[in-house]
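Before anything else, here is the set of structures, which you'll find just below.
Two complexes are shown next, each including subunit A; its partner changes from subunit B in the first to subunit C in the second.
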Partner chain A sequence: MQSTVTTDAAASTVRKLPFVIRFFQFFESLGVLAMLLIVIVVASVIAPGFFTSTNLTNLVITAAITAVTGFGMTLAIAMKGFDLSVGSVEALTAIIASSLLPLVNIPLTIVGTLIAGLFIGVINGLVISKLRVPAFVATLGMMGIARGVALIYTNGQSVLLVGYNDYAALNTGKLLGIPVPFVIALVTLAVFYVLLQQTPFGRHVCAVGGNEQAAIASGLRVDTITMAVFGLVGATAALSGVMLSSKLLIVDGTLGVGFELQCIAISVLGGTSLAGGSGNMPGTLVAALLLAAISSALNILNVEAFYQYLALGLLLIFALVLDTLRRSIITGVMTRGR
Partner chain B sequence: METAAQAGGRRAGALANILGRYFIQWLLVLAVIVLGLLNQNFRQPANLANILLQASFAGIGAAGMTLLIICGAFDLSVAGLLGLCGVALAEVLPAAGVVPAIIATLALGAVLGVANGLVVTKARIPAFIATLGMMNIYLALAFIWTNAQVIPVLNKDFQGLGFGTLLGVPIAFLVMIVVYAVAYLVLNYTTYGRYIRAVGSNEIASRVAGLPVDRVRVFAFVMVGVFTALAGILLTGMLSSANAIMATGFELNVIAVVVVGGTSLAGGQGTLFGSFTGALFFTVINNSLNMFGVAAYWQYVAVGLIIIFALGIEALRRRFMGVGRG
Partner chain C sequence: MEPILVASQISKQFPGVRALDAVDFELLPGEVHALVGENGAGKSTLIKIFAGLLQPTDGRILLRGQPVHFDSPLQSQAAGISVITQEFNLVPQLTVAENIFLGREVIGPGGLLDRRAIRARSSQVLQELGLNVPAGQRVEYLGVGDKQLVEIAKALSREFHIIIMDEPTAALNAAEVERLFEIISNLRQRGIAVLYVSHRLNEIFRIADRVTVLRDGKRVGTRPIKELTEREVITLMLGRTLEEQAISHQAAAGEQVPALSVRDLRVPGSLHGISFDLHYGEVLGCAGLIGSGRSELMRALFGIAPRSGGEVRINGEPAQLRSADEAMRHGIFLLPEDRKVEGIFPDLTVLENLVINARHGAGRLANLFLHLDAERQEYAQVRGSLAIRARAPSQGISALSGGNQQKVLLGRALVTQSRILLLNEPTRGVDVGTKVEIYQLIRRLAQEGRAVLVSSSDVPELVHISDRCMVLSAGQLTALLEGAWITEDAVVAAAVGHTT
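The block that comes next holds the complex of A and B.
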């Protein structure tokens, strides 16, 4: 599940795997899964109506929308980058989709929206690589710009999508009994998993994230890779925008506030280290399900929405503390070994 | 012998240096003059006082954030922190009276700053993401405390803090001047203040030299917490109420102010005078957009573009002057 650049540490794991590291590898892939199972079991017991097909379908759809952008974010974090603009881009692309829909057919709407997202992402990448603005600030700026454009374009009003039954079916439809959004998430997962693990591009992304100077010195085109990665993040945010608009059927410029936090949270919870150099795509999906399950359970239990902020904040800090602990223990074991 | 061309070149270099170093200050002066000539509503004393008042909230927050960014960290939790402090103030004010309530709020700001600092230094989580998590926690606590209601502030003495003026200058702006003076003194004339620069420019060297790196970081987070609480106190006074989301987007504004003022995100160097000017600059831009009847939503776009351009120009300038990437 982990793709790692060949460093000294990785080379020595080939020879011999200390128990601690094997434990953490196991935990990385299955820890969040265990948490998900515990939440599902507990919620099924204490929250009547949690383990029903309607609720589980809703839960899976919510998770799918977050997970899709989460895959892009995981790729960015593997490159030691971030994208704070995904929430605004999600809102803007949802609006773009809603205004393309009356003009062209559904496949063209989706393609057009994805291209718009890709375009915004590439601009992020350009600002980061060519203007040398830190990713954090560049995407913070884009967060304001995309949000502003979304609000200006709609004039602060809501856009209703009435009479597009085929478009709504993107959300409500089922393929082999699986909700279509989840199918989309699985396909995106497959694409990003292969991209990160099996292609030269994925290895280059990890190389840049692991050690940028070394990547430059070894002749990788870091600028191009940066633009491609942020372009892909933008495209995934646009896909989330399409899925969200087909779910809500009413869009406005205030959608997706705080979405960036959720995406970073599921990436980290899923076992992707903020240190860069690796990414865990399946973990991202499982973490998205975990987050959706927690918020669904809290909803059923009639817990006020603001407790969900608390849950997300605590969960994020908890996951990060684990990440730090894991890194320091692994470093300790590695350096003691020689 | 120096030729006239060389002397001219040197003079041009010196001029470029002054223009470059005080770029944002010149820009502010230029903007105020042009807007004052173009728009007669802009140059009304009431509007100018309003600009000073509006600038002081993000400005006061930016004083602490400048110190923290010089120290090589960020705090994205300030919007939540400000909300929680404002709510706390509004809740204790009726029972405690004005002065104890203000002191208690500042103390709360300091405690929350310590919490941020400990999460970053002891749990070793990158500041950027740790404080993003903390923001959610503070927001939730403020929501839970108020049950998501707006808490009104009816105390007339206290409202004066937000609305009041002294010789025509808003009290909030006078507080901002004092805050920058304090921040300047702390940064340049106290031991911890001087450590802030050292830690920000080279953490490992500071550690090796035996500086208390973690405590310096926590100290910088406390400065942010206290100043943000102060901004919350003034904002609560001006709004005559407090609620959890009273400062949504505050972190974006504050960091934009600091960055546009000329403080390097790489840490180690920064300018409080720049942040002070940056706060006024953003308020002037937003105020003039209002004056010319531009829809409020354009302000998001304007702020975003200004941030990217300010940093882009800074980075390009460094590259052409042969200085490495920050």
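The block that comes next holds the complex of A and C.
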């Protein structure tokens, strides 16, 4: 092929998309951010103590823990899959981390725990790709298995982390004024963003999610991609497990119940479509902050926990309706334009 | 000359069906070899074997004389075979450029995608092929025609010595078809072997050198195209001569009041003021290129497309037609354009597909339960009336050929006793033998007193079955032809905007 290309010709073949679609693509990226800013402003006004250093730090840390696994979940959703086991894996890996801590140093603890999460994720991927079990069902099974293992291993008891001040610093420390957990979340965001948007692997994940048949026909190894993606989700759940254990300093097998729903919620709220084929990583982080902000505000206002469930559910439905609406408007505009 | 690709005694056995039976096939470099046959004859199966999507149960494939084994599409592509598939293998959420280079991405420093290079090279490919598609657009925002062009570009952008094209012109307009034929000529000159599969015999007679006919999984003949006429090819495909009964065109002696009376109908972006009448007892054809508004007209008349103006009267009474439900209550039936997506319920049986709209007795309570006996009777009646070929009412509808599936869908009109039929592309993807049966069915349905509007991209078909024929071009009605005035030339001229 010749290497010279006339850029004029290339530019002229790109037809401009109708305004409505460009508006929606813009909204997709910034909508959640706008909501977050609104919530912060409103909460600062009506909830005394919201806009304090302590509260904001807590908020950001909570968000970070959810966001990390959220990135993994976003990757899975881009591949048109779900991982319902992340809550149980978070609990199990928190326990694994707590068990490794007395035995080895902190870096090794973290690496060991991540490998454990990766391992569990790859098993999920194997069951899904080789045994042809739908992701929903396979990870539902792992949800039970992982939690069962966690409870059996701890005999239903809690594991206390006393005196591990360096480990606790993972949660309380600050790097350049930013809480360490949030730094971890930002680094994870960078990694996953580049992975999804800038690598062939990311394109392949989107291809499998967008049209698996086309992916197969193009020679992509769908099985390998599936195992890799679920392995990564497991690893992110493990990272959340590490962060959680360093925060609570007391872990047991009942941690992380409902965690998977939160992770799915922040992916969808952040602009990732459940139809697969694309993923919005930065949106996931913003949505995690949004959720944490709402939770924090409701806590300060002494609203009962049930209302928080309600709030989460309503938000999720709102996000899904928006997603569906957006897609039908786009199809409408595109077909009308012909 | 040595053949570049040989299939030797290839057989493929599926549970209960022998899709291919000891088929011998060879492809010479630099030839355009057409593959024809009715649906179910084995064309798709043979192509999938060449593409590495299926493995033969018997027989060998030889590439340049060497036996080869394609366990996956990757191996077939590596061997220099490129395939343009009938179902688009495109990822909607990725751009045209990303789709073209899927699996062969250009990588920059650090293992990251070189987006600019991918975009530039795909623009180049599209330009070289003379295909006007924006490389940076997401595929989900493209129309069907453009998607097919992307599919073609994708196949042509690889290194290949053999290219297989499966119904490549299905969604293309006349200009794009010409362009494709130019490309094929070019390929032929470069010594590339082209395996061309199509239902459109006129295309095959234009560009093919040789033609192989498959029937019931067996090869019934391979001959240079010059030695055959279209009738002879059809005879080979069917195994019998086609009885084309003279189709009688009666002047509509039906009721005075038109079934449909459309005035200044407008659909945003597609129709800019269409007016016509549809009478009981007649077949009104609707011709026009893709994008002329035919589809939207059908959908608007069925209540599923947004109208921005105009009036529709049914039997003289004005009707809003805001939903399919309302349209059906007025006795309107729509045969959708894409039966796979909008028509059949692929996981249900033939019977279930047929009676899905049936209402038994008045009142809501009566319809809470299934009326199995009544349904079986209805099925038997319709099956006899339309000559549907199915093993049993309990057979899954996906097992039927395209033509028989269309008959089942047409059967719904009988079951619901609709009097106004809107048929959108009634013979798309239907084999030649069943096509003729469907033409006769359409005529009969009209003669029995129904009002039939047929929209089709097959002009000879419309010429054949219409009493009157209207032609749309860019959302306007450019001609309304009657009787002997309905000729292919007149229709095509009006379709490209030539008003008479």
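Observations, loosely collected:
The working rule: the second predicted complex is superposed on the first by the 324 of 338 C-alpha atoms of A that agree within 3 Å, B and C clash if a C-alpha of one lies under 4 Å from a C-alpha of the other, contacts with A are read in each partner's own complex, and residues count from 1 in each chain.
In this section, a residue touches a chain if its C-beta (ideal position, glycine included) is under 8 Å from a C-beta of that chain, and two chains touch if they have at least 3 such contacts.
Predicted model, so just to flag it, every value in this text is computed and none were measured.
Contacts of A:G277 after superposition: subunit C is touched, whereas subunit B is not reached. Look at A:T172: by the touch rule set out above, it reaches neither subunit B nor subunit C.
In the overlay built on the shared chain, the residue A:T199 is in contact with subunit C alone; subunit B does not reach it.
Look at A:S328: by the touch rule set out above, it reaches subunit B but stays clear of subunit C.
In the superposition on chain A, A:A207 makes contact with subunit C only, not with subunit B.
When the shared chain is aligned, subunit C comes close enough to touch A:I216, but subunit B does not. Of the two partner chains placed by superposition, A:N299 touches none, neither subunit B nor subunit C. Of the residues of subunit A, not a single one touches subunit B in one of the two structures and subunit C in the other. Considering their complex, residues 1-2, 5, 7, 9-10, 13-15, 17, 21, 194, 198-200, 202-204, 206-207, 209-211, 213-220, 273, 275-278, 330, 334-338 of subunit A touch subunit C.
Those residues of subunit C that touch subunit A in the complex are listed here as 51, 53, 72-74, 77, 83, 85, 87-94, 98-99, 102-103, 105, 107, 111-113, 119-121, 123-124, 126-127, 132-137, 140-141, 143, 268-270, 291.
Residues of subunit A that touch subunit B in their complex: 82, 127, 131-134, 136-138, 140-149, 151-152, 155-156, 253, 261, 264, 268, 274, 304, 306-310, 312-314, 316-317, 320-321, 323-324, 328. Against subunit A, the residues of subunit B that register as touching in their complex are 74, 119, 123-126, 128-130, 132-137, 139-141, 143-144, 147-148, 244, 252, 255, 259, 265, 295, 297-305, 307-308, 311-312, 315-316, 319, 325.
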